[in-house]
Every structure is written in structure tokens, then in C-alpha cells.
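Structures incoming, each one as C-alpha cells.
Shared chain: subunit A. Partners: subunit B in the first complex, subunit C in the second.
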Partner chain A sequence: MSPLILAFVLVPFVIEAIWVFWPALQGFWLALTSWDGLSAPRFVGFGNFSDMVSDPIFRTALKNTAIWLVLFGGLSVVGGFGMALLLQKERRGVGIYRAALFTPVVFSLVVTALIWRVFYQPDGLVDTVFRSVGLGNFVRPWLADPDTALYAVIVPALWRQIGYVMVLYLAGLKAVDPALYEAAKVDGASAWQRTRYVTLPQLKGVNSVVLSVIVIDSLRSFDIVWSMTKGGPYHSSELLSTYMYSTAFQSTQLGYASALAVIIFLLALAVILGYLIRAFREEA
Partner chain B sequence: MIRRIGYHTAMGLVSFLWVAPILWVVVISFRSFDDVAANGLGSLPHSFTFSTYKSAWEDADEFRALINSLLVTIPAVLLSLGLASVAAYGLARYNIPFRRTVLLLMLMGNLLPPQILLIPISRFVELIGYYDTLIALVAVHVGFGLGFYTFVLHGFMRDLPREIQEAATIDGAGPGRIYSAVILPLTRPALAALGALSFTWIFNDLLWSITVIRSGEKMPVTPALLGLQGLFVSSWNVIAAGTVIAAVPTVAVFLRFQKHFVGGLAIGAVK
Partner chain C sequence: MTLAADRRTFLKGLGLLGAATLVPGCATSAQSPGNSGGSTGGELALQSNLSSEQAKAAMEKLVAAYNKTGGSQVKLNTVAAEIFRTQLPTYLTSTNPPDVYTWYAGSVANSYAKKDLLLDVTSVWDSMGNYSKAMQTLSTSSAGQKIFVPTSYYWWGMFYRKSNFAKWGVTPPKTWDEFVAVCKTIQSKGIPPIGIGLGDTPWVASAWFDYLNIRINGAPFHRKLLAGEGDFTDPKVKAVFTKWREVLPYFDPKGKSFPFQEATSALLGGKTGMFLIGTFFADSAPKDALDDIDFFQFPIIDPAVPVAEEAPTDGYFASKKAKDPDAVKKFLTWLATAEAQNIYVQSSSGTAIPANPDGKSADTALVKKGKAMIENAAEITQFFNRDSSDALQPTADAALTKFLDKPDQIDQILKDWQAAAQKVFKA
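Then we have the complex of A and B:
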């Protein structure tokens, strides 16, 4: 084995070890401590985790993360898949429609957040539209009302994610062998039957990729909530990721925050393992 | 015929609604403060001004923030793709012991939720004296991105025909020469896709910036944009201008590398 090749592999691996593997191990260890960042960390075993059980903010964050997973994840899959089906056939104009749905993906979530904050302002477009169609009693401070804050953040997140999921499905649909459709057509299958019995089974691989992406994205979601509400008002739009961040860097409870990060990791674990097993099989 | 008209009407409407928020914010960014105060953000414009852009660019120092972003993004993209491509080359073309384990470990590193890394990394950069520096931010992005880029490039290089490499070996080329003269040029499409993608990822990052950087004058443009809200409380026309400025670089990259960008997003979907 040439030393150059070994260096080619080892140098990047060591860099990743320093910046990812080693910190991750430390993160798991810190989750078992109580630490304010100044004095030495104190080992408390699973104390942080038992504290969570009686922490109402943790429970809100967990519940909101579940809502996020179902609404943000579910609707972006449904919307992205629907749009991909509608825009799958190459015909005039389709490129423009795809580009339009895809545009938000290019922006950062902070840009997305600011665009929509302008919308949700008291004199902004959302309220103006509601007033002009006679639904004035719907008008409210969308981001400052605990009842609506979480959902008011999900809308822009969806706006951006649907285009992304659409791209994944378009790529998957393109890879389906057209001969299968022809055969089904010859056998007299209707458009609906072709979708149900030809397209869907062929998309199994894409579905699992989309599902992994969605779950991991949902658990990681931070930017959009942080830029729109910081998890407020009264933690009503708090996700596990925002709660972890504010616990770590605003209240400097570093041990408890690490334990929250471990919970996020555990929730993502099934997806990570699934992804790795698939990758492993492919390499075999 | 009627079906076709219906289809285009419906899709045209959906597309319009989709881009309308962006257009609306662009319009607001050109309105004067008096106009917004008098007519509200929801109204049609009654004025046209560039002063909002001047405020965002100069008073809020978005210029410096943009420079910071580029100082982080460009080296981070080049370094991580450079390192990932040599790792992928070694793993894909040579019988290195435990190569599969190494590859999967590297991929796993990228799949980890970043939250588990935030506290240890902020402590680590403090320890080595690089807290609040752009270098630390570059290092974090390189370290965290490497795994995914290596995995994608490995898949790409693995499928290149063996014969090319054998021919080069017979001609007396060493591993380094084969990498630079044979493999790398053939990997260009994948590198372009990953390059366009990673540029937007790193440029758009918020979480790592606010974890590793503290001083306002060192903030990249994405976190600086959030700071704009505090500076121009409820001057939404200036904030809109700042938002437009912050979006321009990624839009430019997207327009230039459109095909690669979309192809990059779809990587992995067709497996």
C-alpha cells in the first residue's frame, strides 16, 4: 500500500475525528454531568434524564417536535409528491412551474423567516388579505400568540421544503422504466391504476430516502424557529433543538443541554441506522 | 383542450402564489419609510427608493458580513471537497483495510444531529484559542461536511471503469498522478453538484456561526441578518433590503450552476 494513499484516507478521517467523533463522545459523557461551564463537570449519572420527566418545557418541546414531524414532515411529503406527479411530464411551461416551486430552496431559512415575518406583521399582507375578504376576526399577532406561533412557523418551513421533496421525487420518477407504463397501458390500466400499481411500488427506494431526510431535517430544525420566535411566546413554539440551544448558551446548563442533545440523537438513531444499513448493503 | 387550459391555470396560480412572498419582499425593500408608515406593509407601493439598501449595506455593515461569509464559505467548500475527494479516491480505488467501516463511520459523522456537537466544539475552539474566529468556523464546516461528500464521491468514483486506471498504471503513473490526471477530471460533474450544494449550505448556515462566533463584526451574513432586526426595529423596508442582499450570492450560484445544483439535491434519491 502506497503511503500516499494511506495519507489520502487518514488525513480527512483524522480531521473528521477531531471535529466530529471526539466531540460527539464528549457530548454523550457531558449528558451524564451537571456543568455550568466554569467549575468542573460533576457526574450525576442519569440525573439529567430523570429531571426531564418533570420539566414542563421539555414536554412542550417534545410534543412540538412530534407535531413538527407530523405536520412539517407529512405535509411536505404529500405536497412534494403531489407536485412531482403534476410536473413529471415534460411539456411546455413545466420548467417554469418547477422553478417557481423550487426557488425557496435556494434561500437560507433565516431569509425565509424574515420574508414571512414581514407577512405576519400587524399591517402585513396576511392580515390585509383577511380583512379585505371580511374575515377580520381572524386577524391576530400570529407569531406572538401562543395558540398560533408554532403553526405560523410551520407554514414558511413547508413553503421551502415542498420544493426540495419535489426534486427528490422528480428524480425518482425519472428513473422509472417507461416500458412499465407502456405495458400497463396495453393491459388497459387507468391513469390512477398506473400510479397505484406501477409508480408507487417503483418509488420504494425514493420513499425511504425522503423519509430519512424528513425525519432528520425535522429533528435538526432550528434556524427557522430561532429566527421567527426563538421558541416563544412562553415556549409555545419550542422544539427540542431550540430548547437545547437556549439551555446550553443562554442558561449555561451545559450538562442538561447535552442530555437534551442525546434525546435528539436517540430519536434520530433509527433513521441513522437505517441509512447506514442501506449504505452498507450497497457497498457490499 | 379544456383540461390543458385548466392544468396551466391551476399550475400558473400555484407557481405565482409560491414566488409571491419573494416578490412582495423585494417590492417592500424599495419603499420609503414614510410610505410604509402611512400605508402599511400590506399595501401597494407609493414610493421608490434605494436608501433602504444604503442603510443595510453601510449602517448595518452588511458589506462586511458578506465578506465574512465569503471568507468562510469559499475556503470551506474548497477544503472539504479537496479532502473528501482524496479520501474517496483512496477508499474507492484501493484495497485499504477496513475501507467499508471507515466510509460508513465518516457518513455516520455527518448524520449525527449537530446539537450533540455544539457544546464540546464551542469548548474545544476556546481551548485551542480559536473561539470567535472565522478559521474555527471554516474548520467546523469542513469537519462536519467531510463524511457526506466522501460518501457521495466514493459512490461516483467506484463506478468509473477499472481499465482507465490500469492503462495509466502501465504508462507509469503513480497514485497521485492517477488521481489528479485521470480520476479527478472524470469526477467533475459530481464535484460541481456538491460544490454548488455545499456553497449554499455553508453560506446559509446559522447554527454553527452563532455557536462559534461572538463579535458582531465577525458574523457571517446569515446571523448578521438576524441582528438587523434589533438594529432597525420595525423598519421592515430596511430589513427587507438586507434580506434581499443576503439572498443574492446563493441565488447567483444557483443561476450559474442550476443543473448541477438540482442534480446535487437529487443525489441519493434514485438509489
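Then we have the complex of A and C:
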């Protein structure tokens, strides 16, 4: 084999090993220690993991991450797919609507968070809208109320993600052969039947992409929660990712934070492997 | 240059890059890798967290003044306060750390000294004879070495607008009962009496805990509790919250949604009556409104408890691994002079008081009053995170904001707080 080709394989591998694999392995090792970032780490075995069982903040974070996965993930698929169906036909001005829905994806999530915080602030846009439609008793400190904080953060996250998912589905819909619809029409299939028996099966490939994107995006959701609530008030909107960050860099319990990172990794792996295994089985 | 040579240079570069990352060792050793802005050559690196506009400009002036005196040149790296705080352990444990740091005196500095990360600056103190006893104690590690050079301090108080107090017909209260009466009067005018800003800055609530605790149980109990020698489930701690509950109805309900900067605007705009805050709030206040601002001491609750006040002290410490300790000490000696501290105080927002007794604080009535209050205090505390640790602060944030929201659950809140605190002390 030519040394050039070998270099093209080995150099990226070495870089990957140094910057990805080695720190990841270190993370697994750190999860078994108690470390404050200053002294040498102390080996505690699975102590961090058994601490998690009795940690109420961890339980809240785990529950919130599950809520996030279902609501953020589920609604962005439903919303994105709905919007794609609505906007797939070429009509006059449809490009404007597509662009409008995709625009939030262009903004950084931190900027999005800043704008939405202004909406949510006391007497802000959200309160004003509720008051003007006679729902004044719904008004509350949206981001400072433990009952609403998490859901108030999901809304801007969805506002952004729906546009992204829509574009993926639009691309998928474009790839469906129009002859299939023609044939279905000739056979007397209704609009609903065409969607159910032609569109959906044709989108299988896109679905797997969307699902991976959604699961990964849900589990790594951090920026929008951190910039809007920092996991507060009193941990009520904490996700596993924000809890990991605050444990590591605010409470400087780096061992415990690494253990949380391991849990996040295992969850992501379980969801994605679970899906892949199912997908392969269906193909077989 | 030929293509082959290009490729060779590229690969050589990559190889070097790879080797460079292997050399500093792994993150699990006490020495973490990375270039954290250490000094090069004869230059001293000064890492500063004073990133607000006025404070940053004042620091630039200070460094420029020192660089004119000759000797080692100082390079200022200003880092956003929050990033500075999380990065500080990494700076101090890196192989090539910055030399000098802006930071806090007391327990925070001492925790780094215990890990043998700070430069012994006892010799600097030999030329700082006239500093107060309190400043000396605050700058001494548990091993008896001087590790910190204080340069300024500020005070916490209950701030209000003079014109509004006159309009509402209230006068600054001295005791708790008078305070409650003032709250009642202001509330009867339709104004939330007590402002607070917990949105992005939940740590502001710690000032209430600190003050109630030092007023009810005294400063020594407070310090022990924060050092992990007490228990948050102690009935004495619960007494703090029982007292606090008496004034909960007077807190601005909107205060939990916005940060202290907006709570400042609410106070200045007459939308709240009073605000327990440190003088740094003046950084985000318009100058003309400041002339109408006054403060009163946090009300006395138990006259038998020696009066303590919160007066966080700022200053500098240096890395033990500084390449030129003599140059660092020379710089610190200069920073301790009245001349240097005056440069900083005059160029910043003007409410900080120089630590050097010969330093000139701003000549306003407000600053004179603040300085007198601190000088008359029997005890000085720093602030929750400075008397305990940055790691303990998030546990207080969660407990106190929850208490403000759900005071009925106080027993459970204190139990959770103790559990969270124990985890921090154990780590």
C-alpha cells in the first residue's frame, strides 16, 4: 500500500484517538473517582453511580430528559412532517413560507434564548397576549415557575427544530416518484390513503435520519436550557446535560459529573442501538 | 515549493501537533494540560475577572501606570467573570499558569493555599505595615502564611431612593420591628417594599440568608456553618427562615424572573421600595439617579449579638509556579500602595473603598457612610461563596429560591440542602 494512502488513514485515526477516544476513555475512568479538579482523583469504584440512585436532582433531570425526548422529539417530528406536507406543492409564495419556517434554524440557540426570554419576562409579549385574549389568570413568571419552566423552554426549542425537520422531510417528499401518486389516484385512493400507503412507506429512509437527529439533539440539548433557566428554578428544568455541566463546573464534582456523562452516553447508545436493531430486523 | 515538500511540511506539522498534545500528560493527573494564558519571557501575566466596562477600563489604567514605573511589564488578560471562576482551578494547576490573579480573600483563597497552589507573599506584607488587623487575618492562610494582597472592599446594605422614602413618609428603620413597619407602609402605597433579582443571579438571595444568620446567630456560627462544621438542619438555621418568613409577603413577586440589574432598575424607577445589595449595583445605574440613593444597615434583630457586616474584600493572589516570583512580589507591593489603589478606585464606579488605610475613597456622603458602618462593625463577613466556597453556592441558590417560592416546605428544603452540602464537602 502506498505510504500516502496509509497516512490518509493513520493521521485522522491518530487525531481522532487523541482528541476523541482518549478523553472519552478518561471520562469513563473519572466516573469511578471523586475529583475536585485540584487534587489527584480518588478511586471510589461505583460510588458515584450508587449516589445517583438517592439523588433527587438526578431523578428530576432524568425525568425531564425523558419529557424532553418525548415532547421536543415527538412534536418536532409531527410538526416538521405536517409543515412539509403543507408546503411541498409548488405554489406562488410557498418559498416565503418555507424560508420563514427555516429562519429560526439559522439563529444561534443562545440568541433564540435571549429573544424568548424577553417574550417571557414579566409583562412581556406572552403575558400581554394572554391578557388581551382574556386569559389573564394564566399569567405567571413563566421561566421562574417550577411548573412551567421546562415547557416554556421546550417551545423555543421546537420553534427552531420544526423548520429543520421540515427541510429533511421536504427533501424526502421530493424524491417520491409522482407516478406512484398517479397510480394510486387511478386506483381511487383518497388523499389520506395516498399519504398512508404511498408517502409514509416511501419516507422510510428519511425517517431513520430524522430519528437519529432528534434523539441526538434531545440528549445534547443544553444551550437553550442553560441560557434561559440554567436548569432552575431550583432544578425544576434540569436536564441530564445541564446537571452534568453544573456539577462539573459550578460544584466542581468532576467525578460525579463524569458519571452523569457516562449515563447520558449509555442512554444515547441504548436508544440508537434499539432503533438500529429494529430497522435491520425489518429489512431482513 | 514543490507539492511533495508541501505535503512533508504538512505531515511534519501534524506529527508535531500530535506530539504536543501527548506531552502535557493526561487530565487525570493533578496537572491539567492546556495553555491557559501563561506569561512569556520577562512579561508578567495578570488574569482579571473585572470585565464590566468601567472596571475593565480602570484595570487597564492601573496596568499602564505600573508599566511606566519600569521593571517587568505586566500584560492584562480580562476574562468574563463566570468563565474566570470556572477556569481558575485549571489556571492554577496548569504547567504554565498566569502569574497574578484578581480574586477574593478569606476562605476562597485559603482553599487554594491548602493545595499549595499560591505564592507566599509574606515578604510583600512586610512593607504593608498599616493595614488593619481584619485585613491581615483575612489574607493569612490556615498555615500562617500571607497569601493575598487586598486592594479594595465594598459593603452590602439596604439601598433605597431618598425622594421615594420622603414621598411615602418613611424613615430608615434600625430594628426588625421598625423594618416590618416600613414594609407595611410602603405596601399600603401599592409598591412592593422589597426588591430582589433572582432570575439569572439567584445568589443575590444568599445576602438575606447571610444577614439574617449573622444577626440572629452571630458571625462565628455563620462561618462554622459555611465551613461544613455545622448542619443546615440545625434549629438555629431554621430560626433564620422563620424570621425571613415574616417579611416574605413584602418581596417583589416579579423579582424571581429577572436578574439583579433589572431589580436595580425597578428600585431606581420607584417600582420597589428597598433592595439588599452590594455597592456593585451602582455599575449598572445611571449617575444622576445615584445622587438620590442612600442605604441603611440591615436591621438589628437581637441586640445581644455583636453586629457583623458583609464587606467582601477584593485583591490579588499569585501562582506558586510564577516564573519570576521576585517580579510578582514587586508588582503586588506596588498594588498594595495607596497610589495604585487610588488609580483603580477613581477610574471605576467609585463605590469601592481602598484597602490601604491611606487610600482615598470617593468623597461622597454615601461612601463615607458605608466606610463608617464597616469600621464600626464588630465582625466582618465576606459573602456566602467567599466564606464557604464556589462549590457550595449552587446548593444555597437552590435551597433559598425554593424557600422563597415554597416556604411551607422548609423542613424538606433544609434536609435537601444539608444533603447537597455534604456532597460538596465530601468531594
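The criterion applied here is as follows: the second predicted complex is superposed on the first by the 270 of 284 C-alpha atoms of A that agree within 3 Å, B and C clash if a C-alpha of one lies under 4 Å from a C-alpha of the other, contacts with A are read in each partner's own complex, and residues count from 1 in each chain.
Here is the rule we use: contacts are C-beta pairs under 8 Å (C-beta built on N, C-alpha and C of every residue); 3 or more make two chains touch, one makes a residue touch a chain.
Only a predicted model underlies this, so the values are computations on that prediction, with no experimental measurement involved.
Participant: Should A:161 be classified as contacting the first partner (subunit B), the second (subunit C), both, or neither?
Facilitator: neither
Participant: Give one of first, second, both or neither to describe whether A:60 is in contact with subunit B, with subunit C, with both, or with none.
Facilitator: The answer is neither, since A:60 touches no partner chain.
Participant: So in the superposed three-chain picture, is A:76 touching just subunit B, just subunit C, both, or none of them (first/second/both/neither)?
Facilitator: Neither subunit B nor subunit C is touched by A:76.
Participant: Please work out whether A:48 is in contact with subunit B alone, subunit C alone, both, or neither, and reply first, second, both or neither.
Facilitator: neither
Participant: Which partner chains sit in contact with A:97 here, subunit B, subunit C, both or neither? Use first/second/both/neither.
Facilitator: Only subunit B; A:97 stays clear of subunit C.
Participant: Residues of subunit A touched by subunit B versus by subunit C: which partner has the larger set?
Facilitator: Partner with more touched residues of subunit A: B.
Participant: Please indicate which partner A:261 is in contact with in the superposed arrangement: first for subunit B, second for subunit C, both, or neither.
Facilitator: Touch partner of A:261: subunit B, not subunit C.
Participant: Is A:109 touching the first partner subunit B, the second partner subunit C, both, or neither of them?
Facilitator: In the superposed model, A:109 contacts subunit B only, not subunit C.
Participant: Just to be sure I read the superposition right, which of the two partners does A:28 touch: subunit B = first, subunit C = second, or both, or neither?
Facilitator: first
Participant: A:119 in the overlay: touching subunit B, subunit C, both, or neither? Say first, second, both or neither.
Facilitator: The first partner, subunit B, only.
Participant: Could you pull out which residues of subunit A sit against subunit B in one structure and against subunit C in the other?
Facilitator: Comparing the two interfaces on subunit A, one with subunit B and one with subunit C, the shared residues are 4, 11, 15, 18-19, 22-23, 26, 30, 37, 121, 249.
Participant: Of all residues in subunit B, which touch subunit A in the complex?
Facilitator: On the subunit B side, the touching residues are 7-8, 11-12, 14-16, 18-19, 21-22, 24-25, 28, 40-43, 83-84, 86-87, 89-91, 94-96, 99-100, 102-124, 139-140, 142-144, 146-147, 150-151, 155, 174-176, 179, 200, 203-207, 210-211, 222-223, 225-226, 229, 236, 239-240, 242-243, 246-247, 250-251, 254, 261-262, 265-266, 268-271.
Participant: What residues of subunit C sit close enough to touch subunit A in their complex?
Facilitator: Against subunit A, subunit C makes touches at 7, 11, 14, 18, 21-22, 26-30, 32, 86, 89-90, 92-93, 112, 115, 117, 198-200, 202, 253-254, 256-258, 390-391, 393-395, 397-399, 401-402, 405, 416, 420, 423-424, 426-427.
Participant: Tell me, which parts of subunit A touch subunit C in their complex?
Facilitator: For this pair, the touching residues of subunit A are 4, 7, 11, 14-15, 18-19, 22-23, 26, 29-30, 33-41, 51, 56-57, 120-122, 141-144, 146, 230, 232-235, 246, 249-253, 255-256.
Participant: Provide the residue numbers of subunit A that touch subunit B in the complex, in ascending order.
Facilitator: 1-2, 4-6, 8-9, 11-13, 15-16, 18-24, 26-28, 30, 37, 83, 86-87, 93, 96-97, 100-111, 114-116, 118-119, 121, 123-125, 127-129, 159, 163-164, 167-172, 174-175, 205-206, 209-210, 216, 219-220, 222-223, 226-227, 241, 244-245, 248-249, 254, 257-258, 260-262, 264-265, 268, 271-272, 275-276, 278-280, 282-284
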